[in-house]
Amino acid sequence: MTDHNKVAEFNEYREKMNKRILQDDNKILHRIFNLDTKAFMGGALDVRTKELLGLVASLVLRCDDCVKYHLESCNKAGLNGKEVAEALSIATLVGGTIVIPHLRRAYEYWDALQEG
Amino acid sequence: MTDHNKVAEFNEYREKMNKRILQDDNKILHRIFNLDTKAFMGGALDVRTKELLGLVASLVLRCDDCVKYHLESCNKAGLNGKEVAEALSIATLVGGTIVIPHLRRAYEYWDALQEG
Amino acid sequence: MTDHNKVAEFNEYREKMNKRILQDDNKILHRIFNLDTKAFMGGALDVRTKELLGLVASLVLRCDDCVKYHLESCNKAGLNGKEVAEALSIATLVGGTIVIPHLRRAYEYWDALQEG
Amino acid sequence: MTDHNKVAEFNEYREKMNKRILQDDNKILHRIFNLDTKAFMGGALDVRTKELLGLVASLVLRCDDCVKYHLESCNKAGLNGKEVAEALSIATLVGGTIVIPHLRRAYEYWDALQEG
Amino acid sequence: MTDHNKVAEFNEYREKMNKRILQDDNKILHRIFNLDTKAFMGGALDVRTKELLGLVASLVLRCDDCVKYHLESCNKAGLNGKEVAEALSIATLVGGTIVIPHLRRAYEYWDALQEG
Amino acid sequence: MTDHNKVAEFNEYREKMNKRILQDDNKILHRIFNLDTKAFMGGALDVRTKELLGLVASLVLRCDDCVKYHLESCNKAGLNGKEVAEALSIATLVGGTIVIPHLRRAYEYWDALQEG
C-alpha cells in the first residue's frame, strides 16, 4: 500500500463509520462528537498546542487511530517533525516502554503524511 | 469480506484458540474460562442486563474482541439497536473520546450481526 | 467516622468541587457535566440498568469515587444487595483481581449507605 | 503512625473487608478469591518468582494495595531489597513515569516491612 | 489544613521518598528520574507547552500526584487559569467522565497554589 | 502465512521502525530505548525471571507486540511452555478476562516460535 493510500484508507473508514454512528438519533453520542470538534478549536490555548495535547493524550492511552488523527491535525497545523517528536517522547516517558509499539506506528503514519 | 464472513471468521479464531489454551492443563486458566461462562448466566440480574454490563465493561476497557463477543450475545439475547446504542453511549461518555475508534468497530460488527 | 458521615462527607466534597469547576466558564467542562446527567436518565434502557452500567464501568476502570456515586444511585433506584453484588462480580471477573481493593471499598460504602 | 502500625492497619482492613465480601454467597467472587490464593502457589515456577510477577503486575497497573500485598509476600518469601528493586525498576520502565508516585509508596511500605 | 500546607506537605513527601529511592544504587531508576527532568526542559517545544503536555498525560492516566506536580510546574511557568482549564477540559473529554474525580482534586490543588 | 513468517514479519517491522525512530536525534527516545535493553540484563534477578516479569507486565497492560517480544525472549532464555503458561495465567487472573483475547494471540505466537 502506498503512503497516500494508508492515509486515505484511514480517513475513509473513519468518515464512513462516523456517518453511520450519527445516523442513529442517540443524543449522547451526537453531543460527544460535537464536543470533540469544539474542544480542539483555538481559545486561551492555540490550535497547535491543543493538537499536541490531543496527540500526547492519545499516545499515553495507546490508541493508534487517535494518534493518527492527531498526527494529521498536527501536520495541518504546521507543526514540524522535531516538535512532534518531542511531544511523542514525553508521552513515551510518561506512558512507559509499553507505548513503544504505538510509537512505531505513529512514526510510520507521520512519514506517510509527509509524503502523501 | 461479507458481513457473514466477518462474524464467522471472528468466531472461528476465537474457538480454535480457546481450544488450544484449554489443551494445556493449566488449572488457573481452566477455571477463569469456566467462571466467564457462569458469571453471565441469569441470576438476580437477567441475561440481558448482564450482557449489557459485559458490553460496557469491554468498551470502556477498549477491547475490540470482547466488544464483539458481547455484541453477539446481546443480539442473541434479543436486545435491539436502541438499547445497545444507549449502553454504548454510556461507555463512550464514561470512557471518553479515546473510546470512539472502538465504537466505530462496534457499530460495524453490530451491523454485520444484523445482516449475517 | 460513622457510616452516615462517610456518605455525607463524600457528597459534600463532590458538590463543593463540582460548583467550583462550573464557576469557570469553560464550555467543554460545562457540557460534559451536563451530558453526565442526561446519559443516566431513563430511555430505551431504564434507570436501574443504566446505573448498573455506570457502576460496572466505574469498577473496571478502578475509580473509587465513581463507584461510590453509582452505588448511591443504585441504592436510590431500588436495586438490592444481590443485584449489586452480581454487577460487582462481573466487573471483578472482567477487570481482574487488581479490582479487589476497589471492591472492598465498594462493599464498605454500600454498607454505609444501607445504615446511613 | 509507626511502621508496625502501617503494616498492621493495612492487613486488618484487608482481612475485615475480605470477610465481609465472602459473607455474601456470590459464587463468582468466592471463586475469584479462591483462584487468587491458588495462582501464587509454587508450580512450574516457584513462589518467589510468582510473587515478583504479582508485584510487577500490580505496579504497572498502579494499584497501591496490590503492591503492598505482594511486597509483603515477597518479603516473607525471602526476597531481598536488591531483587525487589530490580522488579520495581522493570515495572517503572514498562509502565512509565506515571508509576513513580506508586513507586514512592512501594518503597515506604517495603521499609516499614523491614522494620515492622 | 491550610492551602499552603497542602502544597508543602505534598512536596515534602515527594522529596523525601525520591531521596530514598535514589539512595538505592538501581541504575534503571536513577536514569528514569534523570530523564524525567530532561524531558520537560525547553527544546523544539517551550517549557509551557511541555508542562501542559505533562499535565494532560497525567490527567488522562488519572494520577493525582502527577497532576499536582505538573499543575505546580504550570503555575511556575506562568500559565494562567484559563489556559490550564482548557488543557484540563481536553483531558476530561479524551479520558471521559471517569476523570472527573481527579479533575476535582486538580482544581482544589490549583486553587491552593494560587493562594499558597 | 507460515509460522516462520509470522515471527519473521513481526521482527522485521519492529527492527525497521526502531531504526527509523533512532534516526531522529531525540535524546529522550534514544535513552528510553537504551534503558529498555539494560533493564532486562541479568543482575540481582536472572534473565529468565526478568523476561517473565516483562511478559506479565506486557499482558496485563494488554500490548500484543510487547507480549510477542517477551515471548520470544522467554523462548531464547530457555523457559518452557509450562513456565510461560503459569506466568500467563497469573497475568490473566490479575488483569481479568479482558486479557483473554491477548492470551489467545500469545498462545498462537508461542506455538509459532516453537515451530519456527
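Before moving on, here are some points about what is shown:
Labels A, B, C, D, E and F are assigned to the chains in the order they are written; within every chain, residues are numbered from 1.
Operating definition for what follows: contacts are C-beta pairs under 8 Å (C-beta built on N, C-alpha and C of every residue); 3 or more make two chains touch, one makes a residue touch a chain.
If you want to know which protein each chain is, UniProt gives these names: A, B, C, D, E, F = Carboxymuconolactone decarboxylase family protein.
On a predicted model such as this, the values are computed, not experimentally measured, just so you know.
Contact with both subunit B and subunit F is made by A, C, D, E.
When you average the Cα atoms of each chain and compare centres, the chain farthest from subunit C turns out to be F. Here the C-alpha atoms of subunit D line up with those of subunit E after a rotation of 120°, rounded in steps of 5. Compared with subunit D, the chain whose C-alpha mean position is the greatest distance off is A. For the touching copies subunit A and subunit B, the fraction of interface residue numbers used by both falls below half; the interface is of the different-residue type.
Here the spacing of subunit B and subunit E, counted between their Cα centres, is 37 Å.
The centroid of the Cα atoms in subunit B and the matching centroid in subunit D are 31 Å apart. Subunit C and subunit E have CA centres that are 26 Å apart. One inter-chain figure worth recording: subunit D and subunit F are separated by 23 Å, centre to centre, where each centre is the mean of the chain's CA atoms.
Multi-chain contact residues of subunit D, defined as those touching 2 or more other chains: 28, 32, 35-36, 39, 57-58, 60-61, 66, 85-86, 89-90, 92-95, 97-98. Residues of subunit E that touch subunit C in their complex: 62, 81, 85-86, 88-90, 92-93, 97-98, 100-101, 103-105, 107-108, 111. Residues of subunit B that touch subunit F in their complex: 13-14, 17-18, 20-21, 24, 26, 28-29, 32-33, 35-36, 57-58, 61, 63-66. The touching residues of subunit A, counted against subunit D in their complex, run 60, 92-99. In the complex of the two chains, the subunit C residues touching subunit B come out as 35-36, 39-40, 43-45, 49-50, 52-54, 56-58, 60-61, 66, 80, 82-83, 85-87, 89-91, 93-95. The touching residues of subunit F, when paired with subunit E in their complex, are 27-28, 31-32, 35, 38-39.
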